[in-house]
Each structure stands twice: as C-alpha cells, then as structure tokens.
Amino acid sequence: MRSHFWDRNGRSHLEETAQTRLNTREEDMTEATTKTNDQRRNFLKGLALGSAAIGGAAAGLFGGIDVTTGSVGVQPARAATNIKMSFIQWQPHTVPAAWSKGIEEVLKTQQVIDYQLLDGQNKVEVQVSLIETLINQGAAAIFLQPIDSVALAPSIAKAKRAGIPVITLNIDATEAHAAHVEMNHYFGAMDIAKALGDAMGGKGEVAILNAPPGIIIRDQRTNGFVDGLKQHHPDIKIVADQVADWDRKKAQDVLNTILVANPNLGGVYGVNDSMALGAVDVAKEKGLVGKLVIFGNDGETDALESIAAGDLTGTQYTDVYQQGRLAAAAATVLATGLVPATAFGQQGHLLMPYVIATKDTVGQIQPSQRW
Amino acid sequence: MVEPPLIRGIGLGKVYGNLVALDDADLSVRAGEVRALIGSNGAGKSTLIKILTGAVMPTAGSVEMAGEPVRLGSPPEMIRRGVACIYQHSNLAPAMPVLDNIFLGRQPTLGFGFVDRKRQRREARELMQRFAIDLDLDATVAALPTVKQKEVEILKALALDAKVILMDEPTGWLAAADVRKLHASIRALKARGVGIVYISHMLDEIFAVCDTMTVMRDGHVIAEVDVADMDRPRLVALMVGDDLAKSSAGASLAKRIPRGNGIVRLRCRGLGKRGLFRDISFDVNAGEIFCITGLIGSKRTELIRSLFGADRFDSGSVEFDGKPAVFRNPSQAIGASIGFVPEDRHRDGLMLGLSVAENLVMSALGRYRRFGLLDRRKMADASRRSVSSLDIQPPDGDKQVRLLSGGNQQKVLIGKWLSLSPRLIILDEPTVGVDVGAKAEIYAMLRAERDRGAAVLVVSSDIEEVMTIADRVAIMVAGKLTAVHDADKVTRAEIIRDIGESAA
Amino acid sequence: MRVVSAGAVGRRLVPHALPLVILVIVIVFSIAQPAFIKPENLIGIVRQMTLVGIMAVCTTFVIMTGGVDLSVGPVLATAGLVSFFTMQAGMPLPIVLATGLGLGLAIGVVNGAIVAFLQLPPIIVTLATLSMVRGAALILGGPDLHLIRDEPAFTFIGTGTLFGLPFSIILFVAVTLAMIFVQRRTPLGLLVAAIGDNERAAYLSGHKIAATKVTIYGISGLGAALAGIVQSSQVHTAAATYGPFGTELDVIAAVVLGGTSIAGGSGSVARTVVGLLFLGVVSNGMNILNVPIDIQLMAKGAIIVVALGLGELK
Amino acid sequence: MSVRPTTLALLLFFGTTFLFFSLFAPRFATASNMENLMSGFSFLAILAIGQSFPILLRGIDLSIGAIVALAGMVAFDLTLIFHVPGYLVLPAALAAATLAGTLNGALIVYLRLQPFIATLATLAVYRGLVYSISGRQLVRGLSTTPITDRWITDLETYYDLGSAVGLSRFIKFPWFPLSFFVMLALLAVFQSVLITTRFGRDIYAVGGNLEAARLAGINTRRTTIAAYAICGFCAGIAALILVARLTTSTEALGTGMELTAIAAAVIGGVSLSGGVGSVFGPAIGAFLLGVILLGLTLLGVSQFVQQILTGAILLGAIGYDRLLVVRRQRRTAVFLAERA
C-alpha cells in the first residue's frame, strides 16, 4: 500500500488521506469508530479540528506563540492565573510518553499552561478517580488515554458537565466529548495483515503474540488482524495465538515454544513492537531472519531501526509526537477560545494517518518523527 | 447392678507413622472418682487424654460414656457430652479477653448467634466465687502472668459444668498455695459427682488428692491400683523401672559444696529493672550449684534473662570472672562462656523442626566453621558423642526434635550448652514436664558440670528439686532477694517459711 | 511454631508428590504434542525459567524465615537501568555489573534492615519499597526503552552460549548450586532454618538475627538485580517498567509450590527448583498446545490445587 | 479489645495526613474532593473489610481482585447478553462472588492448602474464567455498550445530605455517594458481627489459637469457610459498586487490588499473625491510601515522585503503629509489675 505521511506543511496530504480512508472504510467500521451516526459530519469536524491542531502544532514546533488567541495571549506566566491541563495515561509506556512529549512541546510554549502527567496504573478505577480530581481542580482540559471506552464515559460526562473539554487519545469513549485523536488500531492491523500476507506470498502459518484481555486496544488490533487476513489472505492459517504480556522477554519464550510445535511457521504478528522485537531476537538466534515474516505495531524507534537493519519486516508507524501535538493544539484552541465542553453536541474525530513501515519505506520517516 | 463408669476407653491405640504412641489402653472413671494417670514422659498419657477429648482420632479401640458408645475424634461431641480438659500447654486465644476465653466456643446466645454478654459475665462471676478464683474478666489473656492464665484454663473447664474433667499436668506452673487451691476445687467437684482424671509428675499431689491410679509405660497400661495401696518407692519403681528409681532416690544424698572452690565467678551488685526487680546482689562461685527459688511470678526469670543479655538492667553492676560484664545480647554472653536453658523449651529453646544434631550444635556454630563453611562431618561426630553421653532416646542424631519425648527434648536443650563447656550455665526450671528418670539424669549432668568447675545457676520453684541439687539456695520474693542459705544448713521447712513469710 | 501434625506430614510428602505430578504432566504433554519432549524444547523450558528462577532461588531464604520480598520486580528493572547508564558512561563490564548488582544488594539490605531492626511486617515493608523503587526507576529512566547496542560482552550474559548451552541457563544453574551450597554447607544455611523454625530460640542461642535477615534480604535483592541484568541482556533494552506487577507473585509461587511454607519453617532451595520446573513445564506445555489464555489460567490453577492437594491427602 | 487502641493511633495518623493535605494541597479540603474520596475509595474500604476476615484467621485472600472481575463480568453478561433484569442480576453477581470465596475456604479447609497458595491458584482460575465468559470477547460490540439497567446504575447515586440537614446554608457540603453508605452499613454489620456474635468470637479464637478453638468444640472448618465467603461477598459488593460507577466491566478489573486491600488491612491494625484487629481499622486504612493519592495529585507531585512518597507514607503508617505498640507493651509490663 501507498505510504503517506505529512511533513510540516503537508496539511493537504493529511486531509486527502484521511478523506480517502474514511470514505472507503465507512461501511467496515465497527467498534473502531463507534456509535457515530453521521460519519461525514464528524469527519468534517475532525478536519476542522485537525487544521486548527496542525496550526497549533506548527506553532509549537516553530516556537511561535502568537498563534494563541488573545484571551490568553502572551502575558507573563503567573502561578495564580495559570490554567491547568493534565494527561492521564494508561500506564508508563513508550507511546503515552511520546504523546506527553508532544503535548508538552505545544503547551510549554503557551507560558500560561501548567501541564501534569498522571498515571492510570493500568486500572480503570484509578483513571476515574484521577479525572474526578482534575474536575475538582478545575482543569482547563483533560487528555485521556482511556483503558476502556465505556468505563470512562460517566467520568467524561461529569467533566463535560463541569465545562471541561476532554480529549481522548487512541481509545474513543462512548460518551461524546470534545475530540478524539486516534492511532488507527483496527484498520492499521488490517493493513498489517495484508502486508504480512503479501510478504509470505499469500499462504502459510502465522502466530499472534498477544496481550492479555482487559484493554480495548488489544481487541481492536487482534480483530483487525484476523479480519484482515480473512479478507486479503484467506489461505493463511493462524496456528497460535498466545499471550506474551506486551513483553519482549515473554515474547521470546512464547515464540520459542510456538516454533517447537510449528516448525513451518512463516509469519508472526506482535500486537506491539516490544513483542515483535522479541520475535526478532528469536529469529536471529535460530537463523530465521528473512525466512520469518515479523510485523509489529506502534512504530517505536527500536522497531524502525530493526526494520532498517532488515530484521523486523515491518510495523504500523504512527507519528505519536504529532498525535500528542495535535491533541494539545486542539485543547489549547478549545481552552483559550473559551469553548465550554457543554457546547459540544458532537465530538471531533481525528484518525491519525499511519504508514506500514517496511524496509523500503522506513527511510522516509524523519529522525525528528521517531519516538 | 453397678452403674457403668462415666467414661470408659476400651482397647485404645494410636500409631503415628511407625511410632506406636498408645497400645491397647483402657481407662475408666466413675462418678466422684479422682483417678491419677501417671507414667514417664512419652508413656502415652497425653495421647490417651486427647483421645478422650476427641482431639485425636485413635487407630484402635472405642470410648463409652455411661455405657453408650460415642463418636470418636470430635471435640464438639465430647464437649456436648460433658467432657472438659485442662491441657498441659496453653489453650487460650491470647488476644481475647478472659471472659471470651472462658466461654470459648459455647457462649450463651440470645438467638441468631448474638452473644448474651450479661449472662456470660454473671455466670463467670458465680463460678469465680464458687471456686475462689479472682480474675479481671476484661483483661487480655496475653497480658496476664502465667499463673493467672492457668486459672483461666481451669475456669474454662469448670464453666462447662462437666461430668468428666481431664487435667493434664494442671499444676505444672503453679506455686504451692495455688496447688492447694486447685486441690480444694477438685474435692468440691468430686463431692458433686464429677469424675476426674489427673495427670501429674508430682507424687505428693497424687497422694493428696487421688483415689485410684492408672500407671502407664511405653504406651501400655501397666497397673491399675488404689492409691491407698501404694507407697512412694513402689510407685516410682513402677513408673521408671528399678535402676533409675534407685539413682533418683540416691541422688538426694549426694554431697553439697557450698561456695564451690571459693572463686567468685559471677558477682551481681544492686541489680534493678524498673517495675520488675530491684537491688539484687549475690555471688555465684565456680564449682557450685546456686539455686534461686520462690513463687512463680517473683521475677526470677526476668532477672536471669537480663543476666544473659536477652533483656537489660536499669541499674547495678555485674562482674564475670572479676571483670565488669554488660551483655547487650545473648551472643555476647555466650562469647563470655555463659549458657542459658530457658523455661519454655518449645517457645524459647528448641528448633522442633530441625534435627537433634542441628539443635545440639546450634550455639556453637563457630566451632564447626572451616574457611567460612560448616564442617558437617565434625558436627555429626560431635553430635554422635553428645547423643550417647546424654543418653538421648532414640539415639539418632538425624531425628526431628519434635518427635522426641519431653525429657529427651530437655536433654538435647541442656546438652547443647554442655558441649560448649560453659564457665557459667543458667537454667530456668530445668525439669518442668520431665519424667522422674530424665530428671535424675539431668541432675547428674548438673553435678558433673559443677564438679568440672563450672558455676551453675538454677531457677526452680520445685522445693524438692532445690533440696536435691542445690549447694546454696537464694530466695526471691516479689522482685527482691530476701535470703541466701547454704543448702546443707537449711531445711525444707525453713525455706518454705522464708518464702511464705516474706510474701505475707 | 505450632504446626498441626497432619500439615507437617503432608509437607514432607510434597517434595515427593510434586516430581510425580511433573512426570505425569510431561507424559501427557508429550503424547498430545510429541515435539514437547524434543531436547531443544526441554532446554527452552529451563531457559524460560531463568529469570523467575534466579529470583525464586535467591528469595527462598527470605520465605523460609517467614518473610517475603515483594520488591523484586522494580529491583529487576532498576538493576537493568543502572547497568545501561553505567555502560553509556563508558565503564568496563565488571564495573557495570558491580554497579547493577550492588544496587540490588543495597535495596535488599535496606529491606532487611527495616524488617529486622524496626520489626515491621515484611509484606508491607517490601510493598512500600516496591512502590519507592519503581518511582525512583521511573525518575531515572522514564517510561522509555533504552536500547543497548554494541555491547557484545554484556549481551553475551543473556544470549551467549557456552558448551552448547545458553549462558543464561549456566548462570541459573550456577546460582542455584551456589544457593544449595550455602544452605547445606554454611552456617548461614543452618541459621536460616533455625530462625524459620523458632526465631526466639535462635536469638537465645546467641545468633545475630538482624544480621542474618539483612543478609538474606540482601541476597534476594542481589538475585533480582542479576535477573534484571540477564533480562536487559536478553532483550537488548533496559526500561523502568520491566518486572511488572505480578512478577513477585510468580516468584513467591515457585518457592511456595516447592513446599516452603509462607509462614516460615521448613523449605529448601532444591525444592524451589522443583516448584520452578512445575510452573515452567505447565506453561510451556500449554503454549505448545496453543491453549487459549482463559483455559490456560484455569488449568494452571486447577493443576496447582490438585498437585498440592494430593500431597496433603496422601 | 474489638477496637484496638492502635486504631486510635491510626485515626490520628489519618487525621494528620488529612490536615496536612488540607493545608497545603490546593482544593483538597473541598466538597467535591470529599465526594471523590468517598466515591473513589469506598469500594477499596469494602475490599479491605472483607480481607480482614481471612487475615484475622491468619490466612490471606489473594484472589479478591479476580473475584471482583468475576462478579463484574457476571453482571455484565447477564445484563447485556441475556437482558436479565437488574434485581436478579445483583443477587446473581453477589452469589457468584460469595461462591468463589466459599470455594477458597473449602480448598483451604478440605485440601489443607496454605491460604496463600490456594488463593494464588484460584486467582488464576477466576481470572481465566472471566476471560472465557467475557461478553466483550464473545459478542463483538458489547465492549462499547454501557450498562443502562437502573437497578445497577442507580447504585451510583449521590445524596445531598447537606441540604437535608440544613448544613448547606453555611458551607458547601459534599454529596454523599450511595457506595459510602453501603460501606458504612457493611462496616457496622461486620464490626458488630465480630464483637457481639458467637461467630465473631469464634473468628478471633480460631485466628488466635487454632488448636484451642478446635478443642473448645468450635467448628473451625465452618468458621474458616465462612470467613472466606464473607471476603468473597465483600469483593462482590465492591464489584457492583465499580460496575455501577463504570457502567461496564472489563476483564482486567480488580487487577492488583488484593495487595492494596491487604496493605489497607495491615495499616488498619489487622495482624498478619492472626487473631488481632477489627474491620474498622482497615476501612480507615483504605481511605488513608485514597487521601494520599488524591492529596499528592492535587499537590501537583509528579507521578514518579508520588510512588516514592506513597511507599514512604506506607512505611510511616506501620512504623508509627509499631512504635506505639512497643511503647504500650513497655508501659503495660511496668504497670503489671508495679501492681503485683
């Protein structure tokens, strides 16, 4: 498939891509973009948000502060007048860390925003408690990487009632909120399935190195991959689907064992890059590099390097810094424009563009975009 | 027709693994009868008692109450039928108040499982009055002194309003006055038609309170007689066999060496610990056995624990071999060549799960260290020598201490220190719960230590023991040392008077 | 100290029951999937055990004395991180290892000191250090993965082979043998057994309880640090998030399955290895048969219950 | 005896921590923060209350997190897949949780397994069961469907007590969540069970001295099983509160809660060596953990430093308790000696 990302002035590229994507995939959409009854309206809204966001992001990148609206302006920062924005992550991990960096890049240039990263400890009840604390604190905006779509919805509704815009990252919530910026799990995984199948020549056996149930990303990615194989490569058989706890070491162990039972294994899909890299370790040790097609998901630096070195076959790359910047830009616009969260009848959607990075395309990813 | 006995065990047997604890034993008690159950440690008395309370499931035999067979191995069943027991070791819930312990497991209720506190308290008061026991019902058991804890146990058994009461060494921890009080209670119960089984190593007590006796040895019942038909020597002979009886009797004739060889080994001056004891001064010489006697609760244990470094003094000074000695922990005391045999061997003395050999070397590990490693062969040799010189039965160094009888466990505990040849050995109640035979052996060991030139400091509440082994006797009353006598110049009566006078 | 005799008898039987259960499981798996019994898979099983294995073997003493060390997960992570940073600073391998291991030892010693001198319950003390060490690790390394590259000597620890065997296995076996040796042949081993059996008596026998506890918690920390270095070497990365929540339960499970009572008392390093083998065989076999995770968990729990239950009933 | 003096010390520690954050953490002493505290940590208090029972028996229950997930998933499936009305779902979920607890107790009693290992095994079993019955995996789309049954969602209700008693005229008074009252009710019930019923006394007896309890004719097996059943029941209640709050359940619900609940119980003065403690202390212990989390967050302390401070405060809490125990022991010894 065609690679497509944008550089700093690639706004039109983004729009075009997003549009194609949404148009062609509208009918396939399942839980990835849920409960929207009017995709097109959402899309337009997303587009508008995205534009605003990119503006903000660019501002962040170039260090300009004049983009911010007058109400906040360039007044010198004062503790008493600063507004607060917080990001509640899932648990310490590379992806939310990169988001946080992106968010911070944008926010710190605004002078008047205090930013805090909070840890959800991989527990929904902790995330809920933290949101309520932020509501109490009177945060100007909340960034949230929900562990679950439904579980956080009541809290998001509460925030909305309190006039606080909530911007979700990666996992949408069933409660409409200000905006949602998503790394595309379901469709990304479908594309991975296609690319993996192509690399395997359309037949053979694959194994999934999976995460334990309990977080929705896992389900979306697994479903996307399984559906993708069904659609594009019905002859490829999934011979093993084993849990390796997101962990590189566990992935090594599990794949080693799977290979004993399935010596003819042709492909491996790691639901995140760490597990895929664990598979690469095994392939190296057993001399299977080049024979074993291995795909990861996320696109972290280590994975990209491994692809460049010819070890990992590919991964779904998303510019996570940019994702964070976009979210931050949207939040800044909302907060400084004094748009109350209650004004949102419909939430904005922004599906991050992504690349299936392989040896051929990985070089196009700029160093500054690697996280 | 004769009424059937209140309780009757027929052909009872119990086998643990390959160890026969009890074999074909019979025991019965009639209404108003006090039956002594005697025999050396490991003879099977406790097992027999535990079968009668349902605590242990026998491997053979049956139990009848009033001629009716009962279900075995079920404590609730036996309690329902009115069998109560005062166990040898504490059977109280330490963190609970006295009141709850007395009614443990069968509190009177108001229905729906709610405890009837008022009735509980009233009944407890009545009982205390009837048996002249004084206890704070709301005190936590753990905070009570041992004597009071024993009283709680007695009250607990009495509260059951039992037909049969089994007492497993109930006086093991009691002072003479308390023993008399207990015996008064027993007579009161007897008069009300209660049947009692009474286990004790104290021959005096048996003659004082029992009507009949069952004698056991090695898991068998070897005699059933009326107490009236027995005398002391015959009884001792029955219990331990002839040889030991002779040495036990002969032991009390051994010579006394007050002040040993005249060299002061341990000099204590004005020792005090706030709220426990004060102004304690005495000397222990090399080559003598120095006994401190007195009532339980007179803080002797606290004193010697401090001497050993397990606790601290608040005031006073200690000299050991003429040099000032302050031990901040037991390891320093041991370094100075002092040994210590605690009172409660299960709680403070032995590692029950470890082997005899390991227990024997436990205080002397340094000796078996070679290049920082344990010299297992040297350890095994040493323990083999100890096992044979201490005559530990069975003579197997690899056996878990848990599986030994009480007397043999005590020998291991003492032997552990003897192998170090300490310059001072302190023993706290060295023969509690030990049978007559083992007692004699332990006395012989202590004398041998004395003759070797060690100083031996013994704390004992057993006047008979003190009279048997002491070279000098000190009397401690309520935290103060009131008198020191040469043992060959003092009589039993004088010591009892000393203890009683100061207490009054 | 008060042990119900039936339990004691049962516990003595466990070491004999568990190997039998393992044998049965091996036979069942081998029939279901002949590849299971292939030598490469058997080596794989041992290799999968190494991380938890090193930690479990090193923490056995702690559990034998009635304690527990919950902080192994973050210590594992921190040791890897610290090694990474010292390597980055250009230090030679011996210093790198010494720093990583030294840190683990230090954390263990702190655990032991708090437990021994303040006499606080180990489960809460080590829960507190778990939280503190994780926080410190995250401050040190952030949530990022730090790639370890071009460090062949360091990489050898986790991935190299010696005499045809993975070096990590050799390391695990060496640690195990060393611990068995310590238990059987040194005064420390006997002391640990004594304290576990009766701490008061051990004190009155003149032993330095506190020093012993500090030592064994130190060993436990050292083991976790070694596991952290092996892991970082195997996955070529160091991260503060390694050794996630649940690692400590895996470690304790192996020790306790081996027959060491969590309340202290009897136990041995050799038995811990049996417990490890049991867990390793079960999880490897279920992976090989591609058993789904839900059935895997239920089967694992049930097998544990049956295996130990059998030992008690016999 | 039932309320140990150390519970007072704990209250003092709690009060000090509370006061500290009230003074220094912005917006800590506000009505809405109190609402957060009550609604966010009542379930943990309930778990800690339940956990007290096994610990009082010198045991432990590591499986409560998995039981929470199990009860949650039962409620989830019944409501969303089978459309069972809420008034039947609630008892069904509680029954499942209680049954799971009972099974724990039965394994410990009849197979004589160590509680630690038995509940570690059932932790795996229950979590596996949750995965296999998860409606989220079985029926696609359910993972984004909230539970709307009023019987369940109404558990997340707030009461404006301030207005009811007229306090709101003077200060902004927090609205009390129903879960807080549920917690209070359980606390009252179980505290009085422990103090006034024979069963409660039996718990202390069995935990304090198992052999003595057995010989006193107490049915130790039944007591043990009941204690674990109560623990499971409490986990079920906590699960329902969470499900109401989240309007869904996930497979990972409850992960790690066992250690938090154990920590709360031990901070609350329940001794791990059995027979000592109450259910009052653990409830305070749970809210202490909540105060720390909320307070540090409001102080703006970074998440990493928070972890360090949480550990330190945990140590402080038990260290303080320990200090008081030692002091009191010394005083009691002196007192007894002087009286004698």
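By letter and in written order, the chains are A, B, C and D; residue numbering begins at 1 in each of them.
Methods note: a residue touches a chain if its C-beta (ideal position, glycine included) is under 8 Å from a C-beta of that chain, and two chains touch if they have at least 3 such contacts.
Every value quoted in this text rests on a predicted model; they were computed, and no experiment measured them.
Trainee: Just grab the chain with the largest centre-to-centre distance to chain A, centres being mean Cα coordinates.
Mentor: B
Trainee: Looking at A-C and A-D, which one has the bigger number of contacting C-beta pairs?
Mentor: A-D
Trainee: CA centre of chain A versus CA centre of chain D: separation in Å?
Mentor: One centre to the other, that is 35 Å.
Trainee: In whole angstrom, how far does the Cα centroid of chain C sit from the Cα centroid of chain D?
Mentor: Spacing between the chain centres: roughly 30 Å.
Trainee: Taking the mean of the CA coordinates per chain, how far is chain A from chain B in Å?
Mentor: 73
Trainee: Which residue numbers or ranges of chain C touch two or more of the other chains?
Mentor: 138, 245, 292-293, 296
Trainee: Specify, in ascending order, the residues of chain B that touch 2 or more different other chains.
Mentor: Within chain B, no residue touches at least two other chains.
Trainee: Which residues belonging to chain D are in contact with no fewer than two other chains?
Mentor: Answer for chain D, listing residues that touch two or more other chains: 131, 211, 255-256, 302-303, 306.
Trainee: What chain-chain pairs meet the touch criterion?
Mentor: Pairs of chains that touch one another: A-C, A-D, B-C, B-D, C-D.
Trainee: Which stretch or stretches of chain A touch chain C in the complex?
Mentor: 91-94, 96-97, 122, 210, 212-213, 239-243, 245, 247-249, 252-254, 256-258, 260-261, 263, 274, 277-278, 281, 285, 300-302, 305
Trainee: Going by the contact rule set out above, which residues of chain D touch chain B in the complex?
Mentor: 1, 196-199, 201-202, 204-205, 207-209, 211-219, 271, 275-276, 332-338, 340
Trainee: Flag every residue of chain D that touches chain C in the complex, lowest number first.
Mentor: 62, 107, 111-114, 116-118, 120-132, 210-211, 255-256, 259, 262-263, 266-267, 272, 302-312, 314-315, 318-319, 322
Trainee: Can you check the complex and tell me which residues of chain B touch chain C?
Mentor: Going by the criterion above, the answer is residues 16-17, 308, 310, 329-331, 333-335, 340, 342, 346-354, 358, 362-363, 365-366, 368-369, 372-374, 376, 402, 416.
Trainee: Would you mind writing out the residues of chain C in touch with chain D in their complex?
Mentor: 2, 4, 6-7, 10, 70, 114, 118-121, 123-125, 127-132, 134-136, 138-139, 245, 249, 252-253, 256-257, 261-263, 292-302, 304-305, 308-309, 312-313
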